[in-house]
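Report on the structure given below.
Labels run A, B, C and D following the written order; every chain starts at residue 1.
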Amino acid sequence: MGKFEYSLGLNEFKSKELRLWQALIGEFIGNLILNFFACGACTQPEDGTFKALAFGLGVFMAITIVGHLSGGHVNPAVTLAMLIAGRISVLRAVFYIVFQCLGAIAGTAAVKILLDPLYHNGLGHTSLAHNISELQGLGIEFFLGLVLVLTVFGACDANKPDSRYTAPLAIGMAVTLGHLGTIQYTGASMNPARTVGTAFATNNWNAHWVYWVGPVLGGVTAALLYTQVLEAKTPPKSN
Amino acid sequence: MGKFEYSLGLNEFKSKELRLWQALIGEFIGNLILNFFACGACTQPEDGTFKALAFGLGVFMAITIVGHLSGGHVNPAVTLAMLIAGRISVLRAVFYIVFQCLGAIAGTAAVKILLDPLYHNGLGHTSLAHNISELQGLGIEFFLGLVLVLTVFGACDANKPDSRYTAPLAIGMAVTLGHLGTIQYTGASMNPARTVGTAFATNNWNAHWVYWVGPVLGGVTAALLYTQVLEAKTPPKSN
Amino acid sequence: MGKFEYSLGLNEFKSKELRLWQALIGEFIGNLILNFFACGACTQPEDGTFKALAFGLGVFMAITIVGHLSGGHVNPAVTLAMLIAGRISVLRAVFYIVFQCLGAIAGTAAVKILLDPLYHNGLGHTSLAHNISELQGLGIEFFLGLVLVLTVFGACDANKPDSRYTAPLAIGMAVTLGHLGTIQYTGASMNPARTVGTAFATNNWNAHWVYWVGPVLGGVTAALLYTQVLEAKTPPKSN
Amino acid sequence: MGKFEYSLGLNEFKSKELRLWQALIGEFIGNLILNFFACGACTQPEDGTFKALAFGLGVFMAITIVGHLSGGHVNPAVTLAMLIAGRISVLRAVFYIVFQCLGAIAGTAAVKILLDPLYHNGLGHTSLAHNISELQGLGIEFFLGLVLVLTVFGACDANKPDSRYTAPLAIGMAVTLGHLGTIQYTGASMNPARTVGTAFATNNWNAHWVYWVGPVLGGVTAALLYTQVLEAKTPPKSN
């Protein structure tokens, strides 16, 4: 029974109650920062490198600021991957996702309020390019969730201590890589909460399911692939 | 009485006198480097990524060079955040800010002297875009001070030793992120001293208060948020 | 006889059988990620920095994800350099190269399938610029293989423990450097598998030998140079 | 007498003879790599960020590859700063500078040979912009040498062990920063050997003295400033 309670996360509300609230505030702040600065970057007449760096550095900063509280997921695809991998409980995952989406909505809303409509330029909302079908978009977003979550597992693998010091940078650069590879085609969301934030501000929910199903399927696949096949099984000896 | 002395920093001039002077020279050099290279970058006909990297790497270098002497604030918003957090004394904060502004003035002045007026192009001074009100600019600069100081606290948290090795890089990249997100709208100052340096060289003090109140309010909010809510409470066990 | 067995790698199929399969899956995934995201970047109307970062970050991610399983070669030139240096067996090298090529083919194929032909733009295939002869291309690709493998050895030298934590980043940035230096002239392959992937998708095998002989000669030269001349001979004392 | 011998470096040819030759080969390779890839980048029709990253990553790679043998100066201004700081002998400094220049000449020569003249575009040679006087150029190159050598000392200070792991990256990024700040005005040499390499290939020695005196004066000033004023005096306690 204790095992079942744990897997549902009900005990999160007992001894670790404070920690859960801290984690939720952390996820909210992380997604707020990501959407504020990255949507701000998308509104400007700059090139793809500019935007790709903004998303990657936004995630780097979010993990630097709140990684110790919540793990620094700032992305429902990462959270669901962690759930599949048995690293967090169902209840914690649900709360994380709610606060991630609220943070992203707040971040894009702040951009919308602080900029004259003259500068909105779509507020960084993701959409499918002409002649990219929803199924193709799904495939692209699948690969984006895959590389992000593989990087999270690879960088944070407790049996690979050498990766620990640059893990936030590596995860941020995975996000930049994803944008470089695909930004023109799906907007390179990689992150359902990020797209919820801009969909809410623009009231544009076209093909919205693609931005949930793609990254989540990719992330869950990555979690299974890493934990079943790729994980470092033993800590390395001092090399 | 000893406590009061300490909080005013009067004892800075006694046993640690040398260290304070070293710190002030450090802050001067840090801000001189930042304004010299970043204003130089702004004078050139390049894109936003170019400028955003210049400011971020300028801060990365400043902290690498003088971080051990002064903490490498190179920004009054960081210094006032550290004051609110009880990390430095009132007197030390005042001196830091004076030397930060002097360093920034010297850095931009050097650019002005070394470049023919043909190349000045505004010398990298920050200003509000058309149709961005002072209140909107204040809000934008608030978020810039917020993300910078949250990153400073997150990267330098003594209970998060894994963050220590890349802290100067992370703080520099927070400055780059801020520029990517908002450079077109307020110039992404994030730093009152940086704007004092360019205001002095161009004798343009329009909306100057925005560049003090915005980053300082953001930085102080970040200091309170981090120390009261987000701080790692205990050092992690060897993972 | 045991020595001979080892040098051919036949014992890879005995006690370490599982590990070899994991390594091959790792190399496959690494090259798939590299070709998927970097070819995706090449199809877009962006500049050289955009593409150079995509290749460098693709390698950074590949090593972060699978470096502990296979060494994270993701490049036949690296694998053959490791063979010459006596770090891996003949058989392991052959299998690595096969799986690297298969991964690259899969990565580019996924881009081809997921993008409308309108966006293919050559799918990131490498070719020689006008007025660059095959011999000149060979020389350029030689230098690319040289700098990459020198960086691999320099960053992973067991007697230089300070380099260990940023090794995946350093190796990725060597790939970015190579692209910055030469992308216009040979496409800056540095990696025969990467070019196999795009040659297969475009059915364009012009000057293909250049993309094998150049990086491999450069890589093998680097392996000999590093192990015979440059290697750190003893671990440093605590500095 | 032993002291005098040491300061001239005559004993370099006795017990440490091999090490000196290794160091000289290291400096040669480092400067060859830097000039090959960075001049290659300068020949291409790309923007300032592209070139600034090429120089910075070239230095990052050079230090990663040969830093353990020679210190990875790859720049006469760094070598002379180390001489002033008492870190290397006169004789070693002279040999370093000769091999740095030879490496840079070889690197640019390789670009010249491997590219059709159609693509030479000045081969990345540094020159003063119109309306920038030699004295202004001297001042700009002074600041470039200053920030580079301050970063070298700050990142490699033995009393700041936290800086050690990212030191090669930090020094490379100081070179990128210098280019972002000033590339349009002097070409942002920062490095007499780098300019010797391109002056030799283009037979253009206009204002050549500026590219020696500027960075060397800046570097020597930085060495004195750091060792006399800024150096960390004692190793930190475990924070």
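Rule of thumb we're sticking to: a residue touches a chain if its C-beta (ideal position, glycine included) is under 8 Å from a C-beta of that chain, and two chains touch if they have at least 3 such contacts.
The shown structure was predicted, so the numbers you read here are calculated from the model rather than taken from an experiment.
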| item | value |
| --- | --- |
| Graph distance between subunit B and subunit C, where chains that touch are linked | 2 |
| Chain at maximum distance from subunit A, centres defined as averaged CA atoms | D |
| Homomeric contact subunit B-subunit D: same or different residue positions, threshold half | different |
| Copies subunit C and subunit D - rotation angle from C-alpha fit, nearest 5 degrees | 90 |
| Separation of mean Cα positions, subunit C and subunit A [Å, integer] | 28 |
| Distance between chain centroids, defined by C-alpha means - subunit A, subunit D (Å) | 40 |
| Contacts with 2+ other chains: residues of subunit D | 47, 49, 165-166, 169 |
| Chain pairs in mutual contact under the definition given at the outset | A-B, A-C, B-D, C-D |
| Subunit C residues touching subunit A - in the complex, by the definition given at the top | 22, 25-26, 29, 33, 36-41, 43-47, 49-51, 53-54, 57-58, 60-61, 64-69, 110, 113-116, 118-119, 158, 161, 164-169 |
| Touch list for subunit A against partner subunit C, complex | 47-49, 52, 129, 131-132, 136, 139-140, 143, 147, 150-151, 153-155, 157, 159-160, 162-163, 165-166, 169-170, 173-174, 176-178, 180-185, 225-226, 229-230, 232, 236, 239 |
